[in-house]
Amino acid sequence: MKSGSNLEKVLSQGRFAVTAEIGPPKHASAEGIINTAKILKGYVDAVNITDNQTAIVRLSSIAAGVHLYNAGVEPVIQVTCRDRNRIAMQSDLLGAYSLGMRNVLCLSGDHQKFGNHPQAKNVYDIDSIQLINMVRGMRDDKKFQCGEEIKQHEPRYFIGAVANPFADPFEYRVMRLEKKINAGADFIQTQSIFDMQRFEKFMDMVRRRGLHKKVHIIAGVTPLKSARAAKFIQQRVAGMLVPDEIIERMEKAEDQKAEGIKICIEQVQHLKTIEGVAGIHIMAINWEDVVPEIVEKAGLVGQHVPVIS
Amino acid sequence: MGDFKPQIIAFCCYYCAYAAADVAGSLRLQYAPEVRVIEIPCSGRVDPVVILKAFEEGADGVYVAGCLEGDCHFLKGNIRARKRVEYIQKILSELGIEPERLAMYNLSGAQGDRFAEIADEFTARIKKLGPSPVKVGDSL
Amino acid sequence: MIVAQPKPVKEVADYIKECAKVLVVGCSGCTSVCLAGGETEAEILATALRILRKKQGRPLETLVTTITRQCDPEFVAGIAEKVSQVDAVVSLGCGVGVQFLAEHYPDKWVLPALNTVFAGGTVQAGLWEERCGLCGDCVLHLTGGICPITRCAKSIQNGPCGGSQNGKCEINPDTPCAWHLIYEKLSALGRLDLMLEYRPAKDWSKERSGGPRLVQRKDAEL
Amino acid sequence: MSEHAGVKTKAVGAVLVVGGGIAGMQAASDLAESGFLVYMITFDDSLGGRMAKLDKTFPTNECSMCLLGPKMTGSLNQVNIKLLTRAKLSNLLGQPGRFTAVVERYPRYVDESRCTGCGQCAEVCPVKVADEFNGGLSQRRAIYKQFPQAVPNKFAIDKENCIGCMKCVKVCTAKAIDHRQQPEILELSVGAVILAPGFDSFDASLLGEYGMGYYPNVVSNIQFERMLSSTGPTGGRIYRPSDRKIPRRVAFIQCVGSRDYRNKYGAEYCSAVCCMASVKEAVIAKEHHPEMEVTIFYLDMRAHGKNFDRYVNRALAQGIKLQRCLISSVKEDPATGNLNVSYCEQGEVYTADFDMVVLGAGVRPPGSAGQLARSAGIELNRYGFARTGEFNPVETTRPGVFAAGGFIGPRDIPETVVNGSAAAAAAAELLSAARGSMEQVVRYPREKDLQNRQPRVGVFVCCCGSNIAGVVDVPAVVKYASSLPAVVNAWQFTYSCAQESLQRVKEIIEQYQLNRVVVAACSVRTHLPLFRETLKQAGLNQYYLEMANIRDQCSWVHRDYPRRATAKAKDLVAMAVGKVCRNQPLHLEPVPVEQKALVVGAGIAGMTASLSLADQGYGVYLVERRPYLGGLLNRLYLPQRGENPRDLLRQKIEAVINHPNITVYKEAELTHLSGRIGSFHSTLQVGEKTVHLHHGVVITATGNCEAPVRGYLYGKDNRVITRLEMEKYLGENKNIDRLNTVVFIQCVESRQQGREYCSRTCCVQTVRQALALKELNPGVNVYVLYRDVRTYGFMERDYRLAREKGVIFINYDLDKPPVLRSGSEAVDVDVYDPACREELQLAAELVVLATAAVPSEGVEKLAGLLKIPVNEDGFLVETHAKLAPLDVPAPGVFICGAAHSPQSIGEAMAQGRGAAARAATILSKAHLLAGGAVARVLPEKCAACLTCVRVCPYGVPRIGTDNVAEISAVQCQGCGTCAGACPNRAITLEHYRSEQLTEKVRALFNGEVASSG
């Protein structure tokens, strides 16, 4: 075991992992996080905490992780390259580890243009792959990024990275995945999947390169709340593809929320059958209470043990 | 204000606007006597500095008149002129001078009537705006 | 070249509101080429400033001159006589020009008339684009001649990120994704292997982060 | 050179032009500018001819004299035109190429070299006689000048009326008057002769029914025209001769003495110009007197020229009434002097009262025609005009003798100008070996070097008769001008463009040591060249001149505000003075000419142009898009006034193919053109091949084609055919004897919304086809459904013959076009006949549609390549509708044939030849002069930013090897777009430099005194 985290255990044992995602609040209270943790507890193996997602200032992902941890849910802390340089990042990683964090997901981060501080200066001292490499180096080589040795108590994280099978150039996406694996990624979380055909194609390429054997791929899903939301994602969110059929289905449905959940469950069931998919990651931001229903109806309930009971 | 006689300069291209002015003459079309024409070979020659200097000297209004768009004797000079006029209009508004004191018109060399109409129209516009703030000053 | 943009006239007028006579200095170098600071713009600015002040009833006197390059002391020194006649100097050079003037004439206010924007080029008449981040450690040999530092919004070196769609960057549908361009270029050159290679974290010390930089050529020194 | 031209018939490089009107002047200037010496003789005292009498010209309402003035002065100043007034040709001996012209020159009794044109002699002359120039509406003295702008500006004595009191001799301080002058006989050695004596107007008093000559308020169109003229007998106001009151109701009666073969004084032909002349006079009269009601009584409105129908429609919109009818009589109410006009419309007789009647008196051969024909040894036609070929309208019956203008037959100004050029080309073809042998080269006095001198400005303010002085206080302007800084003095002229004034300007320049000149007069567009010439003659650089337009843009347009007009005139003068002080001398540099032509389009116009240039000794590249030569001529079969188009086609193709100077490219298209006048580089796509050519000029002769027909069952019923299909049908003569009824429909998709012009050739063609039908099958019923029958000029004869042969002409209205139905036996044609006021149904076995003529496909693309403007109908736009019909604004490019406007074979050939003459004015020179008001780069300022390269519409600037922009002075078109865009002020447009324009602006505001006046 590299980190000994619950998520690592689940995945390395070949069990089908289920994770969820929480967006920390835009204020200084942990109450919401703790409530959500209670809802999710027992249904998921770990929960992601976003790092100022869409460049909007939120409660720090490490702090939120600590609250989750205390509430009995294993956190996956996200780290983006946008706001901190390599010095701050390494410092935070040391601190987070000391607080019990064991899983880290490395991303480049949304550009500040989308957030509430578009005038901010971005950092991007290192990019996501360099970050992965840095976290792996700290763990495996016991070295800081500069090459200096970590004499003792090196942080031993289970390292996650993201992959977006729906971004372009499509053919390069698998290569980039490989690059992340080479840099040190242990597990991969994908962008929300709606276009199953394209994802199948992606996985086909993954298998042909044997990448699914080198890394645990967790497929991302998002339950759609309404046809309007579906359309918004289709038209406005870069890097996400929503097929027209799904929008049509949502539009026709009497109860759009229920239909969204239904679609999501079908997707999960489908994903389970794809070779190389090691788990699912349910991104139901601000709709976390739907996660148990999805997990139940997808027949994944019962196998998830809270880390800290 | 009633006897305000605006000083207006019209930069007219030789082939259309100036020719149209001549046609207006040969048709004896009567128009406002405030406009002073400066002939230029093509409206594309129009010079931002010269236009600004006209305002500095005290012009109440300036317009550039070229051939109809698509019909420029020099193919595209009038398009350049229009864009340059727009650029200077932007500067004018920065300076607190109504950008409408500067205009771009297009007409054919045969449109004597249009020339007269433009002269009247623009003179009326400037009369309505009153003397140039450059002359009057901000304090007034 | 250095690409710059004129500041609003009112802003410049505000800098010199106490002055009775100013020297407006154009630059025949980069800022002339990017149509921001040549003699024409210098004349336009000077005239606009005079108009503004005439309007305010406090006429301003201007001298206008243009020098070959404001970033060379010899050229800067050439206008000493004119500088001596005025209360302030308004420079239409880039930030370098303004500083060179200010350094050369320590007892004069030298004021910028432009915002210096980037190092780039004319992609078409009336349109300039950033091309170089002046990072001091060029990687263009690895990226098919396309700079990821300036042309990727996140300056990532192992791109493209997940926001790349249809060849465009997520931050602006009109902005090409630099890494998509790199991918296509390398693909066309049969060098996709370069895309697979891990690019280690960049040495930003050669960039401005490392403090004001100097370039020295011993053999050129007198 | 001339030794090698051949000893046997060594041609003389000189041409005699008889006539000083617009045809003669055009021929003379084309020849003089292409290396020939021209003797121009006129029996008049001045140049100008008929056009001098016109107030305005249609369809642009331009001032006739303003157009003519520069042309006349130009002719007088052209060193290779030797003008002899009061002279006539009395005999012509010798052969083509070597004639001896015997010229009789009658005395003016005024020594032209001494006369200053001051007019004191006329003031003291006690004799007053009717002034024929003004149609007898005013009087002149026995010593007189024909008209104020006369060229040469010299007086002359009318000896018949002179009483020999010698008062004039006493008053003339120049000692110019010599009553003892005797006629002289001159023998001129010339290679060719061009006869352009013009035409006369019909004397309407010969026809009793209109009351001309005994009802004072019935006037001729020429009298009316003179009244309209500001320099005419009434100063531009319309008066009734009886009581000098302004008439409120005016009638124009058309076809007076024309289209009237029954009357012994009438003429069979149509006078071709009167319809438009009357409409124009009506429009102008209404402009002078907006309350005037004008009615034009006409038979057919013959508006067959370029933009004519539009002009007529505009007149209608302005309230001019057009009444189609036959006039039966004009009766005067003796008490009021009013006139009662009875006319017959649709079988009914109506009457109407008018205050004045204007007779559209027709065109007659010139009075001198008989004498001239005898002297020149040519034949006249049945009407007394010069007999010329239908297809070669400028060739008379005697080789080497050519004719042009009204002497050939009635025609308007542009056609006359075209004839002038065509005759010049014909003469040049004959004399090409002698080109240059007698040419005289102009030498100007050495230019004074004044670059570093303080400006000494002289201001010359023109009264333009009363045109300026009637509104603007000229003495005040003069006084103001002389007070301006740098102005030495200011002078006032009645007519600054008069010969005498120009002479005076030169003297003043010398006397006062002026180095800058401002002329405050009219437009630079018409008069700049004239005054520049004067400066050159005075040893000043021509760019030391500025004009202030105080007439067209001041006095004429601010008549109601004389004080403010005067203030404006002062401002304009101050601005001109301000600028002229900043002007700099500019010099023209010689650049070589590639003495070859590219002709685009090998229809009859293009072939004619090519052959003319080839015969003149120039290489021609003839480009044709189709695989065959001849264009639309291939589709014409019927003889035209006795000449066969098939023969013409054969001869021309053969001549073109065999001519050593012509290279033909078939199935070829022009794809690229660069370069400049005198040196164009073009690229042709010839099948798969690309050909590069180098030439000095381009002639565009892309012709026209039949417009596709959408209505009238065309394409649905094969018994409905077009006029060109009918040509072939008649040419092949198949089953014509079986036809019972044929219906022709005119103006199919012409003269209506979307195609507001007349296709010109269809009426003539229809009448010709109707006659041919009747000849082949006399029993056939032929109907022509028309809107106006436009068989203009001599073609009217065919119209008459057709009616005599029983062809029935039915007028239809645009609102009620004929309706066609396909029947089993025939095509049923329903049409309303206004003559018998009933619906007719015609059962036709054949319906012939007079299809519209439209420009050839793709002409816009070609026009774009050649930078020729295209009008809303798709035809190419000439530089000037009247005086430059074959030129376009792009230098070195000419147009001819039906691409200009629809025209007949003969007209297209005249244009082709005319374009060749225009082209030869360039090709005949080894070098052109380039430079002047063009863009110039100041290399030390250039940042090589490429802005100029990018903005130039002609792609002229380039960054040269030394890394600065280069702009070729020859190629630069002088628009100044680059100068306006240069970020570093490194480009100046000479003569329009920023500081020059700024100075103009400044002068306006420094002259507050003037503005407040």
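The letters A, B, C and D name the chains in turn, as written, and every chain counts its residues from 1.
Quick note on the criterion: a contact is a pair of C-beta atoms (placed from the backbone, for glycine too) under 8 Å apart; a residue touches a chain by one contact, two chains touch by 3 or more.
Model, not experiment: these values are computed from the prediction.
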Using the touch definition from the top, list the chains contacting both chain B and chain D. C
Could you tell me which chain lies farthest from chain D when each chain's centre is the average position of its Cα atoms? A
Measuring from the mean C-alpha position of chain C to the mean C-alpha position of chain D, what distance in angstrom results? 59
Mind checking the centre-to-centre distance between chain A and chain B? Centres are C-alpha means, answer in whole Å. 64
I'd like to verify one number: the distance from the centre of chain A to the centre of chain C, where each centre is the average of its C-alpha atoms, in whole angstrom. 41
In whole angstrom, what separates the CA-based centres of chain B and chain C? 36
Residues of chain B that contact two or more other chains, please. 48-49, 53
Residues of chain C that touch two or more other chains sit at 40, 43
Run through the chains and report each pair that touches. A-C, B-C, B-D, C-D
Interface with chain C, chain D side, in the complex: residues 941, 943-947, 950-951, 982-986
Would you tell me which residues of chain C are touching chain B in their complex? 8-10, 40, 43-44, 47-48, 50-52, 54-57
Can you list the chain C residues touching chain A in their complex? 153-168, 170-172, 177, 180, 183-184, 192, 195-196, 198-202, 204
Spell out the part of chain C that touches chain D in their complex, as residue ranges. 26, 28-29, 32-33, 35, 38-41, 43, 66, 122, 125
Taking the touch rule as given, give the residues of chain D at its contact with chain B in the complex, in rising order. 56, 60-63, 66, 287, 523-526, 549, 551-554, 556-561, 564-565, 567-568, 571-572, 575, 867, 869, 889, 933, 951, 953-954, 973-977, 979-981, 989, 992, 994, 997-998, 1000-1002, 1004-1005, 1011
